[in-house]
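Following this line, the structures themselves.
Consider the two complexes below, in which subunit A is the common component and subunit B and subunit C are the respective partners.
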Partner chain A sequence: MMITRILEWFGRLYIFMLLAFLYLPIIIMALMSFNVSPFYQLPFEWTTDWYASLWQNDQLISATWNSLEIAVIATIICVVLGTAASLALFRYEFRGKKLLQALLFPPIAIPWLITGTAMLIFFFGVGIGRGLFAILLGHVALALPYVIVVVSARLQTFAPELEEAARSLGANQWQVTNRVTLPWIMPGVIAGGLFAFAVSFDQFVVSYFLSTPGQTTLPVEIYAAIRKGFTPEINAVSTIIIVVSMALMLLTARFFKFGGEK
Partner chain B sequence: MAAQGAIASHNGLRKALPWLAPAYLWLTVAIFLPLSAMVFFSFMTDLPLSGKPWAFTLGNYAAFFSQSLYLTLLLASLRLGLEVTLWCIIIGYPAAYVLAKVLKGRSREAIFLLVILPFWSNGLVRIFSWAMVLREGGILDTALNAVLPFKINIDLMYSYPAVIIGLVHSYVPYMVLTCYLTLQAIDDSLIEAGRSLGASRLQVLKRVIIPLSMPGLVAGAALIFVPVVGSFMEPRILGGRTGTFYGTVIEDQFVAVFNWPLGAALSFILLAVVLVILAVASPVLKRAN
Partner chain C sequence: MAGVQVSNVSRSFGAHKALDDVSIDFADGGFYALLGPSGSGKTTLLRQIAGFDFPDSGRISIGGESVERVPVEKRRIGMVFQNYALFPNMSVADNVAFGLSVRGEAKAVIATEVQRALDLVQLGKLGARRPHQLSGGQRQRVALARAIVTKPRVLLLDEPLGALDKALRVDMQIELKRIQREIGITTIFVTHDQEEALTMSDRIGILRDGRLVQEGPPEEIYDRPKSEFAATFLGDANIFRGDATGNGIRLPDGTAIAADVGDRLAAGAKASCAVRPERIRIAADPGVLDAANANELRGQVSKRIFAGNNSTYFVERAGQTLKVIVQNTGMDRLAEGQDVVLRWSPESTVLIAAG
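What follows is the complex of A and B.
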């Protein structure tokens, strides 16, 4: 009994050490974005100058807008196409269904370096070229499988008899979908949408290969800035990104159980 | 009713198609056709678009096998993938165990969320945050010198360990997540049964817990190993000159050297290696289902 207690105590300590490892660099970065010294010198002196100068940096601002626009449009497209595909995969039986479901995994499993370079080659070959439109095409393709997987998981908890009941009460297909099925799977659809937004907003590798100097996204712009040299402005913008994406994830967790306990 | 069912099943594809087509057309245009185009391009001498003459060639693949540099870098990337995966198992598995079997209720839920939360924040930004910690005169250096009575210089920046630390930090939540899911599914009574039959803690761990959580370990390992072998941004930022790996060489072909056909061949070789590894891992995963 005593040994069990001690082991459990060690276990808790261990988890806190892991959390420290995971969060320390992020916390330090956030702190340094409020520090006067551009070379991260201590003692710490409070300032919000770096955030102020962020507002003057037109390149970063326009890249941020690009990122947001692409993420919003990609999310809408992914949610519509993904929900439609999930419903079809759930409702109908046909040959090749297994294959279609299996085809969702290559985009998730293949390293983005390979997908990104392949997109660059193909889009160049067919005349789409690089730029924001190419980035949008790529982001939707990367996020779509996640949306289909998440919405399909939610559909697994749906009883098809409910659709039957609505139909026998005289509802047509459209009414059944709108009034019965969609409300039930809404948490899955919202979680899928938040997923898609996160995948697109945080996407670096694919955007990197598909962007041009004028048409670029925030992560690509940050990468360029890091390679040119550290500036505290990057700390500031990075801190904002981390806060935004973590908030998004917390929101997603509210709509979708990841632990699979429910 | 039965006849209707038969017709529905017969017409299944026709009915499903309008709902499925947009999503799968998009995936075809943006994923499957590009991957095919990459294979095609890897057999060319030059891009056919620039107006320059081109021909089919095996030269790009010959380059991989004739110049030992590429093979060396591929092996270095595979080694990097292996080391990062092992560290993630060593660090992540015990944490997953504590989460699944020691913590209970709300505190478990909250800590689980805290562990996987950073994973969903921007990877590039997290790698960059390590640069601040690891460099000379950085936080680690300053903190250690403030505590220790003697002066030491810690400059891990632009070194192999820095790349390992950054990558482990990025990928360890994957391992915690997959292992947690399988560990949680193990019935506590199995562990108690083992203990009451006289097995030591270590024996229960070896004979019961680890075998039953193997699918989670393998899934986590595959999810970590594959992207790490293809990583290029992390070695570039944290590794500097020592950060040349297979991924960075592919990146160079596309953004610096502009030898796209060679880049395509190198990418395709990486894809083949990745597919072989996933194929080896998949039987273990299937057995779990």
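What follows is the complex of A and C.
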């Protein structure tokens, strides 16, 4: 009995520390975005000035829009291409399939610094150069393997007989995919899309290599701003991003029942 | 409705010949079982008929129309899969409606037809359920309703009862047979369960290693098997091997066994005789058995298995274990270790060419 209670207490402490470790820095940052002092000085004095001045910071706002645009477009491209590729790998046997599957994984393990350098050299070589389009291409290339891995994992739980059953009932390929296969793998497609969005939206290293002044993304802009001198506007923009992305995650998790049926 | 003709169909996967020159004529409206051990090619044959896979050579026709290069979605067949393959994201009614819906039928027509099909399989009230809320037998019925609602030309069943427990399986056998009679659809049924094949089908085709071993009505195959494999795969059989004598065989120890059934073989050729366990009479005292023209062997009971309405005796004789099944008449129980006489008539003995 005694031991059970100690273990129980220890378990609660563990969970608490885990959550504290994850969320404390974020909470402090969020609080400081509402603090008058730009130097993290206490006592805490409430203000929304930093959010107001953020609104005036055109560079930060344009970088945010760039980031969002690139992340959304990259996500759409990755989800469409990645889902199609996963279906092809699932359905068909073709020459070089094993090789192709094996080659999908290494890019995930290659450090982004190296991928970024390689992309910069390559894009210059083929005349694409730097800028938002180059960043978009880079993000698609980085995120695509994640989508394929996640959707393929979901497809592993799909019974191929379901497609056969649909075909035996007269459904053509398009109807089979739309009505039978896609509904089943949709949680995987959504999860893959979230991954792709996160990879693109969080991306600093590759974006840093491929951006030019004025054509840049939010993480790169934040980095540049910090180098010039830290302002709580960074706290403010970060807090907005955290609130929006966490809300997005929670909604998706609730809607698609990640982590099991309730 | 339509008959199905399979003519000289062969299909190889790499070096493996899954189907080797198979020809079968499936009559219109008949119930046909394809029986064989796993790897015999029965499922491959069904998939050729369905159109999931195409033969390397040979012809397949449904209702007189050549279909061997027509993909499954254009063949107008109905198929029931081993694990039912119900769409998990759809209700029972939507599952059944699927075939009509992809065809673009009007909503009202679909609703009527789906209800009729569900009523036919006695699930009229469960249309709103999800597949995971149904029992195995109910899923089976949904799969059947879904396959027949489109009025296919032929119904293909791939071991559809394999996943059900014994009692439910017998119920479903009767049910399946009733529905098949009611709509009169040509039905081809793949199974490895010989009892299922015997009780359900009008005709049976036995496959082995991609070849059709024998084909015919259940009684014919059971009573006149043309190979040792057919004799032992469909039902039980005692096999004796020896040299053909003109009206039977002679065993290596000189004992003659007379056979009235089967092929006439030239004397001296290697041959076998097959005898069903229930055709052999057994007694400790030969006086109680008819002697006229009977084949006779002596042996010793090594084991008896009592199964209520009958008993199976295992009798050792010259290094061979023979199986004898006796109806339980309440008399002549034989003990293990007892010396016995076995007798059976030449009419119950099938002569089979060796090979």
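Observations on the model:
Here, the second predicted complex is superposed on the first by the 244 of 262 C-alpha atoms of A that agree within 3 Å, B and C clash if a C-alpha of one lies under 4 Å from a C-alpha of the other, contacts with A are read in each partner's own complex, and residues count from 1 in each chain.
Note that in this section a contact is a pair of C-beta atoms (placed from the backbone, for glycine too) under 8 Å apart; a residue touches a chain by one contact, two chains touch by 3 or more.
Please read all numbers here as calculations on a predicted model, not as lab measurements.
In the superposition on chain A, A:193 makes contact with neither subunit B nor subunit C.
Greater residue coverage of subunit A by touch, when subunit B is weighed against subunit C, goes to B.
By the touch criterion stated above, A:162 is placed in contact with subunit C alone, subunit B being left untouched.
In the superposition on chain A, contact is made by A:226 with subunit B only, not with subunit C. By the document's definition of touching, of the two partners only subunit C reaches A:184; subunit B does not. Applying the stated contact rule after C-alpha superposition, one finds that A:107 touches subunit B and leaves subunit C untouched. Looking at the shared chain after the overlay, A:172 reaches subunit C, while subunit B stays out of its contact range. Shared contact residues on subunit A (touching subunit B in one structure, subunit C in the other): none found. If you check the complex, the residues on subunit B that touch subunit A are 8-9, 12-13, 15-17, 19-20, 22-24, 26-27, 29-35, 37-38, 41, 47-49, 91, 94-95, 97-99, 102-103, 109, 111-118, 120-126, 128-133, 137-139, 142, 169, 172-173, 176-177, 180-181, 184, 226-227, 229-233, 236-237, 247, 250-251, 254-255, 260, 263-264, 267, 270-271, 274, 278.
Of all the residues in subunit C, the ones that touch subunit A in their complex are 50, 52, 71-74, 76-79, 81-83, 85-89, 98-99, 102-103, 146-147, 150, 156. Contact residues on subunit A toward subunit B in their complex (touch as defined above): 8, 11-12, 14-15, 18-19, 21-26, 28-29, 32, 39-40, 42, 77, 81-82, 84-85, 87-89, 91-96, 100, 103-104, 106-107, 109-115, 117-125, 137-138, 140-141, 144-145, 148, 198, 202, 204-205, 208-209, 219, 222-223, 226-227, 230, 234-235, 238, 241-242, 245-246, 248-250, 252-253, 258-261. Remark: subunit A residues 159, 161-162, 164-172, 175, 179-180, 183-184 touch subunit C in the complex.
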